[in-house]
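A, B, C and D label the chains in the order they appear, each numbered from 1.
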């Protein structure tokens, strides 16, 4: 319960912090931290225009996207408090329920019959397909290390395994989760949300035709997703046994830190060429595979 | 009593040839329902009521072989799946076949319905028979009847060729199975699955298993043996493709399971072989599916993919058996079994929907479709549900079986040795890739075919199919949702079947509780998801009711004259994937270059095609080569007597020489 | 009915037919003959083991084949009436007289217990069948007749040399006749080389009858040109006669040293026959020729079955029995098809299902039967052959024959299914002049039904008869 | 005596291999019939009267007279005079026949037995092989016919090689064989005139 509240809480500030970081980094004063929330309110109040080409899919896709991320967040534990739902191999459910949202976003893009959106849909489908193995290999590594197969158990028991290499996993985990979060949310270096050329966009081009309430839902889902991944990053980097207040503080700090990193990355880094994206994502898989090899070495399977 | 009814059905099936054309369908339906009634009652007895298998004497004492039926839990499970899919298929056929009544002859229908009935009967008997010869006979009757079903539109030479290709491959498979049975019989004196355990206990397991695997794998469609599948399914009428892809290819899985259950040694190697082949089938199957433009061929490749998933489960289960890892065994086999059921559901649903599309648009090429969701809302909804389920997405049924297999792998990772760990990891990667690629593929298929604007007139002037063609969709969707949301009722029996079949230690109560708990949580999460969606939709509606909603053109970046030809096509959707996977897929592009001198370019054409590498290199080229060389032998019949005498002369001389040198 | 009565009645009937001036009279005589033959074969069941006229013994195999011949002949007679109904009286009579001679000779050959007598009947049968092949008086039939007579004669001459070699082995022994029991008794002490040459020559020589490699070539031509009912009789009667010769000589020599050698030769010939059949069926352009090649295939299998031994013996006899029914049914069906489509060439045949549904159904069932796919009884025999091969550990033969069978099935299905369903490649625009009654398919349906029933249920008496027939080999 | 006759017989066969005209074939076949008659006369020790009639009927009447006569008629009717060695030239045919002579000697030697006359066996094998070779190396069916007649002669010699163990059956056999030969000749002469070398339609 605490975790969920914290996720929602951080989701409220997350985009603002990114924006703020970016503007500071580029030497502007920038909007307030709650500016994205205000934008949401504006979107909510707007009237809606739909394309005549679209069908019911287009209308329900944002809803399903949001619902899927809500469901996914129910699995995320916080500190040593188990999640709402924690069961064996629940991260499979996590990945797959997110895929449901993505599935609908992709087909809703195709629903508009626009060439641009088809392009974006294709890229979204392609890149998220490539990113899946990295996530699963890393979780397999964790499962192998701890002997548990649910988020709650893994993260509670993660630091209890008295392994010297725990920090390595922690670091790799943080790195991987950051990158996967970037891919899932179509951020740098895969995609640039602020680009102005439709031909190079991924996520933004998918929602070109959404407006008003639907667009607000999409934004909410996106913010929540960030927060959920931030929460995963927190879980992997902080031992579960610590004091609950300390945990809360650390959680907020890490979410903040995550947002700042994203902001800085987006300020100082150029986005990949589209063709390089697939290599980039495969690199992630390679990294998580390295983690797996390490676990094999430390458990003494290779002398 | 029941056995008499069953025999009566068998005899009455011949009556189709004498029934007036108008009532043939009804006659078939009555017989099918009777068959379903009988076999379902047996299987429910075997599955839920009895602990012991049900034996039915078919009064076959007069015959040469033992035709008595024997239904254990595995048979019962397959029987139920067969029953359901056959029923939906026949319901679907009612309207689907209507247009053909005008152009086809009564005999075609007699043959068709007769074959359908016998496909059902043979499938149900294949899973019930114990005697080897009886099994083989029914196995081949199954191939034969499905062949007759595939060639329903046999006026088309291509379809005929495809059908014969299918029949021959099935026959080759049958010969492998037959030889394997005979080898086992030679060792033990018993013919049939019962002989395998004694045979395996004192002979090498791997060779005989490979023979069975090839034989059954041909039916199931494992990767290098799959080539008949993508051809036969598009050729067949849709209800037939639904039944064939849905349940008939699973008969191969049934056979493999029976053989695996009898294995005594070499389990680890065999498990690895199965897993390896299945991974290839799964990943390559879905990769090839992505580049297909024919809706039914795409689905056929997905059958290969799903057989791969089932195979992964079986392979893992076998590895679990080898390592005495009951969890892996249970989850692997259990997942595979459940996926058999699941796949039979959503694949038949998808094929029926594809058939409906074909029925009303007269095309299966997704590049020619588009915007069908407005014209055919129910069909589209069924296709969407099928797509979500086949991608293994919650809260649909596909997720449950994939979850079981995944969870078996993840659970077994802890504390395994290097080999097993790498195998499990490859299984995980494979399943993940399959899942991602399936999403890619079905977003493409659904998005291009059903959404957007109609790309051609064929798609523009369509209408929803009549209710009898939709009804199976409702039935299947209901079951899909029940499995997705109340998975406990299906997973636990599946576990029971596995413990029964492999005689492993079942789950004790506490472990059982854990599983029930897991599944309940998944179910409730699914429920929450659906609830959230519904709530959000209602809120959205409420919210929008106070706003002004207007409709306009799709945003065109300032270009306002966009038409349906500006839409993304299936080819372009798959393009970046195709580029990446080209070494495997070898898709070819034919384009006309624009010359420098073309100031005003004329109309140009662009054509892409994909080939099946396995089909070409493993089946087609060797086949061509063999047939060619065989034909070369056939130059002896020259029509000249002196040549004929020469052969005799040479043969006598040759035989004498061989005799003289004591070579024979 | 005694054998001498049968022979004399046959001779009388034949001569009456030759000189009768009336088609109806001929018809009645032929029907009478058919009845007599049927009665004769039924009565022969009571005489199993008896010897008549010194040279003829009623053993199980002969009685079995005689009964099948009776069944086939009744169908052949019926369809023959339709086939020749438009011919002038003289041709009509010659056809039927030749038919009678052929059937009588075949029956005599079945019952012969003496190699020389068997040989004489075989030769006479050749002459009789030549008359039948020539019945249509076309260029084709002329060619086929010439080739058939010529090659058969060469084959018979070679076989005669083989017989002479057999008798050479008996020089200086107490046995001085060519009865199979004497041959068998003399073979124990005979020089193997003589026996080998004798067997080789007889086998090759009678290959024309059995349509087996290397003398299969003429059988193909004859089958494809002869009137379809005659084709049915050839593949059911004459082929069995060839087999019975081979079987008897094989059985007689099986006690000698060359038993293993004979088996090798048989397997070699069987494989070569299969190979030929596969190659030709893959490029066959004529339906009846293709069926003839399928006979070659089945005889190859018989040869392999004999060569392997064990269950193979049983399989060989059963295969022959089933093959007689299937092939004669198919050949008769070919006639109906010809009358409906005006051709038997594959490129010109098509849409049979639309033009003549009952015939198409029969053709499909027949094809399934001949392909040895369950529910055809042939499947059992194929399985037994495999069983025997596995028991003998003959893996090479097993693999090659299984592969070739698959090729053959491919060739058969692809052609016949196209004939049934697809439109023809070359459209003849043939308009049928005479109606073909669906009742004409009854004989084929009966035959195929027998084959299918035999897949599931073999009556005890049949089982016993086949076992008794091959008992001589299983001592 | 008998050896001279066999040598003569062999010479006729060798001559056949290089003969250019069909008339020569016909003549040679007649000579062979005569030689065969001589051979049987000198070989059979005690001659029954029925046997004598049989043998003279077979050799003198059929082989030496009827067959050459019918052949001549056919040759005149069909106007095929020259032997066209399309398949193989005469040289190779001769070569093959000589090789077959060697093989025959070899085979007869291998099959040596006290009950069988080796000389007869040799010549029988030789005749058999050359008959087959004549058929195989020629394309015109009239040559096949001649080859077949040579084959018949070889059968006759084979039956002589056995002696008189089972005369009756073998005589009947031989007679039937000859009857077939005549029938073939007759059939050939009557039916095949116009299309003498077109009989190659039945093929795949």
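In this text, a residue touches a chain if its C-beta (ideal position, glycine included) is under 8 Å from a C-beta of that chain, and two chains touch if they have at least 3 such contacts.
Worth saying up front: this structure is predicted, and the values here are computed from it rather than measured.
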C-D or B-C - the one linked by more C-beta pairs in contact: B-C
Distance from chain C to chain B - Cα centre to Cα centre, in angstrom: 44
Interchain centroid distance [CA atoms averaged], chain A/chain C, Å: 78
Averaged-CA centre spacing for the pair chain D and chain C, given as whole angstrom: 31
Chain centre separation (chain B, chain D; CA means) in Å: 69
Overlap residues in chain D, where contacts from two or more other chains coincide: 135, 141, 144, 199-202, 204
Residue numbers of chain C (touch at least two other chains): 147, 150, 154, 193, 197, 280, 283
Residues of chain A whose C-beta touches two or more other chains: none
Pairs of chains satisfying the touch condition: A-B, B-C, B-D, C-D
Interfacial residue positions of chain B with respect to chain A in the complex: 370-371, 373-374, 384, 388, 391-394, 399, 402-403, 406-407, 409-411, 413-418, 421, 424-425, 428-429, 432-433, 435-437, 439-440, 442-444, 446-448, 451-453, 514, 517-518, 521-522, 524-525, 528-529, 532-533, 536-537, 540, 543-544, 547-557, 562, 564, 566-568, 572-577, 580
Contact footprint of chain B on chain C as seen in their complex: 147, 150-151, 154-155, 158, 193, 196-197, 200-201, 204, 207, 213-215, 217-218, 220, 261, 264-265, 268, 275-276, 278-280, 282-283, 351, 353-354, 357, 360-361, 364, 368, 373-375, 379-380, 383, 386-387, 390-391, 398, 402, 405-407, 409-410, 413-414, 417-418, 420-423, 455-458
In the complex with chain D, residue positions of chain C that touch it: 116, 119-120, 123, 127, 139-140, 142-147, 149-150, 153-154, 156-157, 160-161, 163-164, 167-168, 170-172, 176-178, 191, 193-194, 197, 221, 224-225, 280, 283-286, 289
Chain C-facing residues of chain B, complex: 17, 62-65, 105-108, 111, 133, 136-138, 140-141, 143-144, 151, 154-157, 160-161, 163-164, 167-168, 171-172, 175, 178-179, 182-183, 185-186, 626-627, 630-634, 636-637, 641, 644-645, 647-648, 650-652, 655-656, 659, 664
Footprint of chain B on chain A - complex, ascending: 44, 46-57, 59-60, 63-64, 66-68, 70-71, 74-75, 85-90, 92-93, 96-97, 99-100, 102-103, 106-107, 109-119, 121-123, 125-126, 128-130, 132-133, 135-137, 139-140, 143-144, 146-149, 198, 208-209, 212-214, 217, 278, 292, 296, 301-302
